[in-house]
Each structure stands twice: as C-alpha cells, then as structure tokens.
C-alpha cells in the first residue's frame, strides 16, 4: 500500500541518525578497546590486545565484575519477590482501586533516580533518619554502620528503584491471562494456590523474564548508587570505568571493560528474548 | 467480552497476606520520598529523628540560589531540544518499523530500542568517544544529542503502539478518495497519533529533565539540574537538596499523572511495559 | 419425574447492584437428565449456570445436592464440571495435559490418569491430537477437548455454557447429535445453556425457559411446544398465532371468530400453531372447524412447507403453514379446529 518513496522518506532519516549516533559509537567502543594510552596521556591508535590481557590477568577486574553481578542478582531477586505479589494483587484482587493503584506504581518509576538515591542516603547515614529513629525508640544504642557505604545500601537503593520496573511487565502479563482459565481451573478442582502455580504463574513467565532482565541489566551497569552509597566495599564495575575515563585516564581500557559489559548485556537480552518466546502461548 | 474481566477470582476467599504485602511494598516505595519531603521542612537539617522546627528556610535559600536556576534553565533547553530530536526521528522510525521492509530492519529495531534497557554509562561513553574522535567540544549541545538519541526509543515505542491500534482501512480510504501519501499522513495518520505523541513528548521531557547517567559523560561547562545537584552531593548533603528534590518530585508527579490520563484516553488502559514482553515484530 | 433428584435449586435469586438478574428460581434437576436452560440474552441463564458452578454466589436461596448444601462451597469442591463457552483450554498445556488436569490436581496415580485420559480422548475422538497444544487445533476440536476435560473427572453434573455457539451451522448440527448420544452413553445429568430454541428442542429431555430472571415454563419439548403455558413460551418456541378474546356464557369471541367452549367466563388468550391452520377445503366448514377469509400478504417458501401471512377482518393477521408448492390465490379461506387453540397466560413485562 505504501509507495517506495514513502517508505524511503520514513526510513532514511532515523536510519541515518541511529547509524551515526548509535552504531558508529558502539563500533568506536570496539576500536578504542584495542588501542592504548601513551605516557603523555594521549590516545595512541595502535592496535593491540593489551587491554584484554590486563582485564584477564588482574584480579581486580574479575572480582569487581563478579561482585557487581552478585549485587545485580540480589536486586533482581528482591525486586521479583517484592514486585510479583504486588502485580498479582493488582491484577486479580484490586477491583475498583486498580486504576489508582496502578498509577501509584508508575509514579515512583519516573521520579528522578537521583531524588530516590539521595533519599536513601539521608535515611541510612549514621545521623540519618533510620539510625536516629532506632536509637530514639531504644532498639539500638549506637548507629548501625553497615546501613550506609556498603553493598547493602547499594542493593537496597537499587531494589527500591527497580522494583516498579519489574512490576510493570509482570502486571501486563497477568492482565493478559483470560479470567475464564482461572475459573476453569477452579471448576476442575484446583484450589486458588494450585491454580496459581499450575496456570497463572506459567502464563506470566514472559513478564517475569522481562522484569528480571531489566532489573539485572540496569543494576549491573549502575555507577551512581555505588558512588553515593557504596563506599569502598560497594564499588561496582562501572565505577572502575568511570574512573578510567576520569582521573585514572585510560580510555582504551575503559572502552574494553564497557565493550565487555555491552557483550554481557546483549547476550542476556538475547537469552531473555528466547526464554520469553518459549514461554509465550497466545 | 467477559473473558478479560479483571477482579478477584470469583468466590475465592480474600487473601489477607497479599493485601499486607502490597501495602508493605507501597510503603517501601513511598516512605523514603515522604521522609525526604518532610525533612525539607526540618529546621534541624537532613537527618535526626524526630523532625522538629518546621520551616520554609531551605526553600528560601533554594530560590535565591543562582546556580540552581542556571542549571534549571539549561535542563529546560536540553529537554525541549531533546524532545524535538526524539520526536523528529522517533516518529518516522515507528512508521518505518510498522510499514517498511528493508535489509537490516531487525538490527535497526534492536538498535533503536537498545538505549531503553542499556545502562546509561554505555550509551554515554560510546557517544563520548564519537565526540572525542570528531573533535567536538563537550557542551549542552552534546548533552542534547545524547538525550535525543537515547530517548528516540521512547518516542518510537509509544508511536508504534499507537500505529498498531490504527485502523489501516482509514488510510486506504483516504488514498482511495484521492489524497496522496503526504496529505493522508497529515489528515488521517497524524490526528490518530496525537495522543501517543503528546504522551511520548511528556515522557521524554520528564526523562530528560531527570537524566544523569548519559549526561555525566557528555557535560561541558554548563550543568543540567541533576548534575548540579550531583556536584553538591559529592560535597555534602544539605536540606536545600531536599527542597529541590521535593519540587522535582512534585513536577514529576503531575507530569506522570497527566501522561497516564492521556494514555488511558488513547488506549483504554495505560499498559506500560507491554512492549517489553512482546518483541515488537 | 421418575429419576431421583440430583440438584435442588431452591428460591435462588441474584442481584447485581440494583439489577435483579434472577428472581426466585426453584428447579429440580434429575439424575441422568438432559436439561436445557433456554432464554434470550439478559434472561439470566448464564448467571444461573455460574451459580450452580460456583463462580457466582446467589443473593438468596439454596443449592442442594443430595444432603450437601452446595452454595456455600467454592467451585473446586463441587462435584460439578463446566464446559465453557470459549472452551478455556490452558494454552501452555497439551491436549492430554489439559484433559488430565483435574485428575492431577486431585493427585490420582499417574497410571490411572493415563488410562482415564486415553479413554476420555477416545470418547470425543481426539486421540490422535493428544500431544498438540490448543493453538494448533480447530474450534470444533477444542470444544471436544473441553468436553473430555470436564467428563474425565466423572462429575455428578455437567454444565455446558453455550458450547456450540461459536461453531458454524453444519458443525453445530453434528455436535448436537454427538453431544446427545454422549450424554446417553455416560449417563451423567447435563445442564445445557442456549438461546437457540431449535437446539433446545432437539437435545433436551426437559427445557427450562427463562425470561427476565424467572422461569416461564419447565417441561419436555413436546409438552412445551404443544401446551405452552404463556404467550411468551408460545412465541419463543416455534411460531404461533396469538388470539385475544372474551368468553361469555360458553362462547368464545375473538373478533369475528366465534366458537363453543367449556372455559370459564373472562378475557382469554389463545395460542394457535401455524401448522394447525389449513387451507379450507369444500364450501362449508365441518362442525368443529372455524373458518375465516382473508387476503394473502406474504408467502415464504421453506422447502417442505410454506408460511403464509393472511390479513383478515378486524385487523387479525393469521400465519398458516401449508404444504410446499401449494398454489394460493390472493384471497383464501383458512380453517382450524377449536381444540388446537390452546389457552395461554399473559406474559406481562417484568421490571
């Protein structure tokens, strides 16, 4: 129905922009990772594998990557544990309040990351709201140290930020389940609990995979929360990259790590897409 | 159709645990923000419990703070410019994905949607390398380019969803009645896309105003609001930051509620996230 | 009713907000019978079915199955199974797994499940499709699977919610026959909901006609057709002529028509089936026949028969069913026997 001219006009500009500002930069990331930095702090365009050797040999990078993945995994897990029952409640039990409650889920989603991370910083500090509250009601006598400047703080803050991200795809998937399937299951003798595990949960898996991927991937690459709340024990892989582009000035090495992250993220996305397709039945 | 009526599974005992869990999660999501707002009025500063000495002092200081106002102005410029870019390229991208077949379409789709799920640092750094190689100086312009690029995906997904709902027969009718493609686009297609586009614009604006991860790497001399706040945070926390955060929260709240209402009007329900579980073909 | 009562519906009523969908329904369903709940949309038939299944709670009234009070039990404890209107097959399970669902949930041993599932699939002729997912089979096939899935649990009562409405006409007729013989074979009571009166007549042992939440008549098809209780029943099932008149002193007068009767005095309403109105033969009527003359308005050819609309005096319009291929003039003499005019009650509008 649409002429070639129409299709060209519509395709060419975004294609051009995306090529220049997305594809080329990723290719540059690739190129930079093979270059090195000279002692004079300039970037030398000589092709070598030095950066990759460095990454593979120095334990710092591996350890930080693993720690980052562990943090991301916990964020993913807690987001799912907090988010799934809420999504289920919203979809099946909310009745008339559904609309309002849905809005209440998406509002935190779009409120500034910075605002929320900052809020936790003020709450978790040794003079923060939580510590002074606990002392005020005589639950503790001294401020708890581990609350701030620790992986705990990072996991807590990121969970807070990414739980709404997990709720939405799960909710969408649950909403798509025809209610007569639930009735059919009850009709055939299954209790609500059995119905959940045998019918509702399996059909919601694509949403769970999407939400989990989101939480994991975005947490993995996060550098702001660690900077604000992580302290020395909460450094994540992106913080290393940030310093390589800042004070530690080694762009090529930073590019190599970024490329590695990009590869990990893309593989996870690919995997999650396969899983979603496998578990989608409509 | 009765198949999709939502509501409690009929005749099944209400679950108290679910209700308690839901309330707890909502508390978890909102309490930190409520505390933050509360303490913006606390004369004693950011921490401590209980808060006393309620005051507007911090807001007064905030409004006299020139640097903050400069950064707000910068952020607004960036947001509007980014909105223009994202829509200008995102709308055709949605049309292309909906209607055209071309080699590399799958790659194109993935590239466009990637910034939505990629950690901002990767998008920011890769663009930084581009600017470095081409000798472009970092400034508000580079931030605009960064936001515009990253947020094309928002425009594309919203408009694409709107296109899926569009009845193809309307456009065919227009062509049949003698209008050419350009006229059909403006007279038939665009009016149907009005609501998704406005929704996308609102979303892009809000996200740009709050954006920090990509901006972090592309910043020149002039700060955007989030980066200005960030800079101060590195130096120490003051309730002035609570005040500005409260105001940011209020604006986001209003914007999102308006966006939601528009989306509901456009599509009957505001299912966000659906594009994340159904790979758009 | 010779068979014992299986399900006793006593004074069941259901209100949604201010909308009274069911009012005071009392009905006894016998073991092994094929009962159809017939009604237009909005009559409450689906609601009644859902109350029996357990998906809705009655606002008042009781359901008893033997000595068990049913209406307080959730659906998963009732020995009742449902075939849903859109089948409601689980998309993530194969045909086999769908059919075995109820047995698995009841934690029956795997060997028993395999055996019973195979038997059920064989009964509905879906054995060769056992390993397929619902999205890969046709609507008619999905319907059979839904049937097997319900029956395999050996319920005491099977509910069917307009299961044939999504099928095309030929398939529908075929399924009607199959369903009926299946019911005979398994011997379980079937409660079938439909709006199609022909379907109800073909399949049922008894029909319960529902109008605006109340039962108009509950009877076997022949009786409900031959002896309709009200004007609504007479009009809903098959075609009829409704004649309004007055009885005085043993004589009925309906407009120009007059005949002897033993009915008591007062206003009267008759239902006269078109097949009992024939073209008059000969110049004079027989003793018990009533004649009327009129203009033919319209003639509709139905193959074996024809339906003609005749305008008579006093604004009376008669519909008569005559053998197909009868040539008719523009003016005809119609004739019927007084005995074929069945008195029926009025069907007042319900709030």
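The letters A, B and C name the chains in turn, as written, and every chain counts its residues from 1.
Assume a residue touches a chain if its C-beta (ideal position, glycine included) is under 8 Å from a C-beta of that chain, and two chains touch if they have at least 3 such contacts.
Since we're looking at a predicted model, the values are computed, not measured.
Taking A-B and A-C together, the chain pair joined by more C-beta contacts is A-B. Farthest from subunit A, judged by the mean position of CA atoms in each chain, is C. Subunit A and subunit C have centres, each the mean of its CA atoms, that are 58 Å apart. For the pair subunit A and subunit B, the distance between C-alpha centroids works out to 16 Å. Each of the following residues of subunit A touches two or more other chains: 178, 180, 183, 186.
Contacts with at least two other chains are made by residues 54-55, 74-75, 86 of subunit C. Contact with two or more other chains is made by residues 3, 10-13 of subunit B.
The residues of subunit B lying in touch with subunit A in their complex are 2-15, 18-19, 21-22, 25-26, 28-30, 32-33, 35-36, 39, 46-50, 88-90, 92-93, 95-96, 99-100, 102, 108, 111-112, 114-115, 117-122, 125-130, 132-133, 145, 149, 152, 168, 171-172, 175, 181, 203, 206-207, 209-210, 212-213, 216-217, 226, 229-230, 233, 237, 241-242, 245, 248-249, 252-253, 255-257, 260, 264, 270-274, 276-279. Those residues of subunit A whose C-beta lies close enough to touch subunit C in the complex are 178, 180-181, 183-191, 194, 198-199, 202-203, 279, 281-282.
Interface residues of subunit C facing subunit A in the complex, by the touch rule stated above, are 53-55, 74-77, 80-82, 84, 86, 88-92, 101-102, 105-106, 133, 135, 149-150, 153. Listing the residues of subunit A that touch subunit B in their complex gives 1-3, 5-7, 9-11, 13-15, 17-18, 21-26, 28-29, 32, 82-83, 85-86, 88-95, 98-99, 101-108, 110-116, 118-123, 125, 127-129, 131-133, 136, 160, 163-164, 168-169, 171-173, 175, 178-180, 182-183, 186, 192, 195, 206-207, 209-211, 213-214, 217-218, 220-224, 228, 238, 241-242, 245, 251, 254-255, 258, 261-262, 265, 269, 273, 276-277, 280.
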